[in-house]
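Labels run A, B and C following the written order; every chain starts at residue 1.
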Amino acid sequence: MTDATNVAGHHDEGWHLAHHFETPAQQFESGKLGIWLFLTTEILLFSGLFCAYAVYRANHPEIFAYAHLYLSKSLGALNTVVLIFSSFTMAAAVRAAQLGQTRWQVRLLALTLVCGFAFLGVKSVEYQAKWKEGLLAGRAYQPAAPPHGAVVPEPPQRAESATGAAGGQPESAGGMKLDKSTIAPAAVGRPGLSEKWLQGKAAHPDGHWVGPEPNNVQLFFGIYFAMTGLHGVHVLAGMAAIAWVLVRARRGEFGPKYFSPVDFTGLYWHLVDLVWIFLFPLLYLIH
Amino acid sequence: MTAIPTEPRFLGGLAPREDNYLTHQAGIGSWVFTLDHKRIGVMYLVAILVAFLLGGIFALLIRVQLLRPEGLLFHGSDLSVYKTYNQLFTLHGAVMIFLVLIPGVPGALGNFVLPLMLGAKDVAFPRLNLWSFYLYVLGALLALASILIGAVDTGWTFYTPYAAQTNTAVIPLVFGAFILGFSSIFTGMNFIVTIHKMRPAGMTWFRMPLLLWSLYATAIIQIMATPVLGITLLLLILERLFQLGIFDPYFGGDPLLFQHFFWFYSHPAVYIMILPAMGVMSEVIATFSRREIFGYRFVALSSIAIAVIGFFVWGHHMFPNGQSGPLNTIFSGLTMLVALPSAVKVWNWLATMYKGSISLQTPMCYSLAFFFLFAIGGLTGLFLASLSTNFHLHDTYFVVAHFHYVMIGGTMFMFIAGLHYWWPKMTGRMFNDALGRLACLLLFVGFNVTFFPQFLMGTHGMPRRYAVYKPEFQPYHVLSTIGGFLQFAALVLIAGYLVHSLYRGRRAAANPWGGSTLEWTCSSPPPHDNFPTPPVVRAPYDHKHLLWNETLGGYEWQPVENETR
Amino acid sequence: MMDMLPHLFADSGVWLGPPASTSAEQHDVVFYTVLYISAFFFFLVVTLMLVFIVVYRRRKPGEDRGGPTHNTPLEIIWTGIPLVVVLVIFVLGFRGFLDIDTPPSDATVIDVEARQWAFSFTYPNGAVSERLILQIDQPVVLQLHSVDVLHSLYIPAFRMQRNAIPGRTTEMWFQPTKLGTYHVFCTQYCGDGHALMTTEAQVVDAAGYSAQLAQLANIFVDPGTRQPLPYAQVGERLYKSSGCAQCHSADGSVGQGPTWQGLFKRDQKFAVAPAGYTLTAADDDARWEEYLRESIVDPGAKVVQGYQNVMPAYASQFGGSAYKEKKLAAIVEYIKSLDNHGPDGQPKYYRPQESPQTPSAAAPATAEDNSAPPSTQGKTEP
């Protein structure tokens, strides 16, 4: 095993065999199985949201076809590229750790961290835009204007105070207790894309949406914020883990004999990337 | 060496004894920061018993209220007076399920026994284990805080839209349950990795004790199902904080979606509760019949079958709730199938007793009670799984009786059995077996007096979660309340003689019951590092060479060479 | 031992009350089948257990009897037989379900509105009642919806229940076969008043059914004399049947909402109200009547000090048609009539037996109205 030169002149210093394990191999394999189990739980956590997405989109595709136009495809694509690149730098950092190359480990981990910041930066730009344009979930959905690429005949009727539902009754001055006896069905007519919509689309090929705003568009934003928000929290947690690993890497703790923290953090980061790779087309690229 | 260690004062004695995990280090810091799975198990045990007491007090208050049709404690025309009752049944359910039954056997008994049964020094991730415990404590504190702020009144099922609208402290309680979910997930991760990677040489999968199969199947459910509860509770919190609208029909959401998400976890959760109990059952039956478990492979694989099939039946909680007919049919059919592996276990346990050598000491008495009570609990599940009868019995006291029979009669009785079985190992003391059997009988009678009348109430139409009721149901309710206090008396008796044994109990031998698994080869209590030398692994449940030694006061392994047959 | 159980329910068995509908009778067959199968297996398990602990008890420590450790054919048998048994139970249950899930095409449709904490039944002729009135041997489909949270309509005698979900309509059907009055319960937890959200299902013969429905269709007419009833009297009936009585007392006792006794023209202090709005004893009738009407259809607009804003809005029950607005007027009349007598024993403000105050004069008369359309503003003196 060659000793690669590094900053402090030593490596593998972070490693020791825990008292309850018989061999180093047992320790490493246990850690690996452990992190894969944890990743399984993360997949199941997100699967609930993907399920909610699937149910609502299957029942009301018009909401998704309309509302996704509010999202910026280019910003989403930028974020996708950033995350994929960061996965590459992370994998390279793991490789550097395996080879005991402390300087490269530190650089690549720092680069991954920078990508994480970039991702969160773009996300906050998007969120700010949503806030400004009133594109929030539930009761707070008060869009300033229809989205680009939508041809909406007349602006939708909205009561002077915040109501989210179609045909919403005016809210009482106390701000509470709307008359729930008039809960409207979630969309006008049968769920799905109507004949009229298809005709309108044929007539206006450049307009991605032709027709009145569907009911309950706020549902899309509920799902959007829940999914991207939860993902953002995981990106943040991943960045914290990478920062901690970075500190340890600078101290020269990782090398050929011991690199599992880098390896496991890398696995987690890849999962975070993978979730985004599903989120992006499902939210941004709806046809 | 250092001075002879003395027994900690809280164990009542100052007599010198061998160093064990309890004496190894003194001081509160050595407990708070311990990485020893045995100490973590003991801490879990204490916390779970405290939670059990709290949940039990809520239950007794509920039963007192129901002594009169118009309500004994809460009555009157002002409807808000019933809110307290609604809070009581919500908290009784939430505390018992999240703080007692789900962590119960894995946390308090599994943590202690699993590494010992494997001949290992600890679980795979001792620090994660301690985290599990502290997350449990944090979740419990959040639940308590919610009680003080404005106790939740939604039922432990938190159905929307009511749970999104009620002005009680839903968020702290639900967030507490979210944290408890992580405690459960981490325990599951620990157990899976330990069983996969830390089995000793010679212990292949099919030479493992059956408790480990059960804990393994439980751990699979813990890591697969609990995250779905996590996202459900998170969405409920977002619904309340930001009116996210996912479950609120007023904003286009679907209240039924919440129910699907909720029960996707909560049905497998009941298997988290019963599978470890069934594992304990296997151990106790084997030891007290001095026999190998009949059909070992079938019993082992049935645990996995229950875990797998259990993921596909959640809709049976929702038959009248607005699901479509085809969906109802599928869930009913699958629910019928999940009954089969449990039945297989019961037949195999009975066959184990056939031509066994049965000793009716306290743990075995609880196992006998399990046969009786779990049979009733499981068979009444058939009424609820069948589509025709479910529409009559759903949300009546029939359901309440059914799940108490399986959860108390199944899980809690085996929790208590396990506690008695491993008590000598954990504490180094024997308890009074005659009192143990008496308490078992009292608990058994009290339990049936409490819950059997509830079946009859339910079939006559008494709905659940009712603070007041029609007068014709009163005799059943009175019987039920009497039974509740009988159970309380039995539990007080159990607590009494167990605590007494800590101070005055006879010292336990390494193997007082004649158990054949590895935890009985180390001293009672075990030393800090479990096995100074790695133990010899034998075929599971081989009792032939375990012979009673009067001087030791326990069983001893006789070497093979002495065998004359 | 069965006789020792008190005879709680007339004609009832230990397990079930008498079935009162076609599907209840089918249900009971399935129930007893499953019961006997379960009892068989239960007694089998317990008997084997008891036999074994006696026959195979340990007579001395360390003894071994050397029993078998596995037997695969046996495993197959005792897996296969329960499999067949559960399949039989499944098929029985499924067939019963097919029946209860498909209403006949000629069933009467009754609309059920569930709200915190009462049910309201609307019949095909427009009649509305808080009780479920059914004609014997006639199939009925209930279409349920909720206006606030989840509820469930359960009739034990018919062995049927179904959830009422806000934003959706669910359906259930049955055909009653026995005359009588049966409990109707809410079985989906819905808040403080869940246990009190009960009513009755009354199964009557054809003549009784037509009579009751006709009477319900216009509650302003006395069914016996065919004469118009005083509005306040009708209002009192609505007070009881619309759920008002659960929170507002008529005798001064404290409840979740202000008592109606002496409410009319009593100085009000508001916790929630538009800026500058006041309501005192000095205000005129029209202002008071407008306030009372608004309190019923939009209760959140003004909330009296000391009370919570928890009252559901009744806009759909008491608005949208002239008949419903008459009912609203009747409730207001009833409120006005409660303890409004001066020291001389005469009503202080008006006589409730006289003609009522009016809602909007623009409301068109409909065929439902047997009495004269309400006259315009102002009270009349005898």
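Here is the rule we use: a contact is a pair of C-beta atoms (placed from the backbone, for glycine too) under 8 Å apart; a residue touches a chain by one contact, two chains touch by 3 or more.
Quantities reported herein were computed from a predicted structural model and do not represent experimental measurements.
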Exercise. Return the chain whose centre of C-alpha atoms lies at maximal distance from the corresponding centre of subunit C.
Key: A
Quiz item: Taking contacts as defined above, which has more of them, A-B or B-C?
Solution: B-C
Quiz item: Using CA atom averages as chain centres, what separation in Å is found between subunit A and subunit C?
Solution: 46
Quiz item: Rounded to the nearest whole Å, what is the centre-to-centre distance of subunit A and subunit B, using the mean of the C-alpha atoms as each centre?
Solution: 37
Quiz item: So how far apart, in whole Å, are subunit B and subunit C when each is placed at the average of its C-alpha atoms?
Solution: 38
Exercise. Enumerate the residues of subunit B that touch no fewer than two other chains.
Key: 249-250, 254
Quiz item: What are the residues of subunit A that contact at least two other chains?
Solution: 178, 180, 183, 186
Self-check item: Sites on subunit C at which at least two other chains make contact
Solution: 148, 166-167
Quiz item: Which residues of subunit B touch subunit A in their complex?
Solution: 115, 120-126, 128, 185, 188-189, 192-194, 196-198, 223-228, 230-232, 234-235, 238, 242-246, 248-254, 257, 261, 529
Self-check item: subunit B partner contacts - residues on subunit C that touch it in the complex
Solution: 5-6, 8-9, 12, 14-17, 26-27, 30-31, 34-35, 37-38, 41-42, 45-46, 48-49, 52-53, 56-59, 61-71, 74-75, 78-79, 82-83, 86-87, 89-90, 92-97, 100-101, 117, 148-150, 152, 154, 156-157, 159-163, 165-168, 170, 183, 185-196, 198, 246-247, 249, 253-256
Quiz prompt | In the complex with subunit C, residue positions of subunit B that touch it | solution = 77-80, 82-83, 86, 153-155, 159, 161-162, 165-166, 249-250, 254-256, 289-292, 294-298, 320-322, 325, 328-329, 332-333, 336-337, 339-340, 343-344, 346-348, 350-360, 368, 371-372, 375-376, 379-380, 382-383, 385-392, 394-396, 456, 459-461, 463-470, 472-473, 475, 514, 543-544, 546-548
Quiz item: Where on subunit A is subunit B touching in the complex?
Solution: 18-21, 26, 29-30, 33-34, 37-38, 40-42, 44-49, 51-52, 55-56, 60, 63, 136-140, 164-165, 178, 180, 183, 186, 215-216, 218-219, 222-223, 225-226, 230
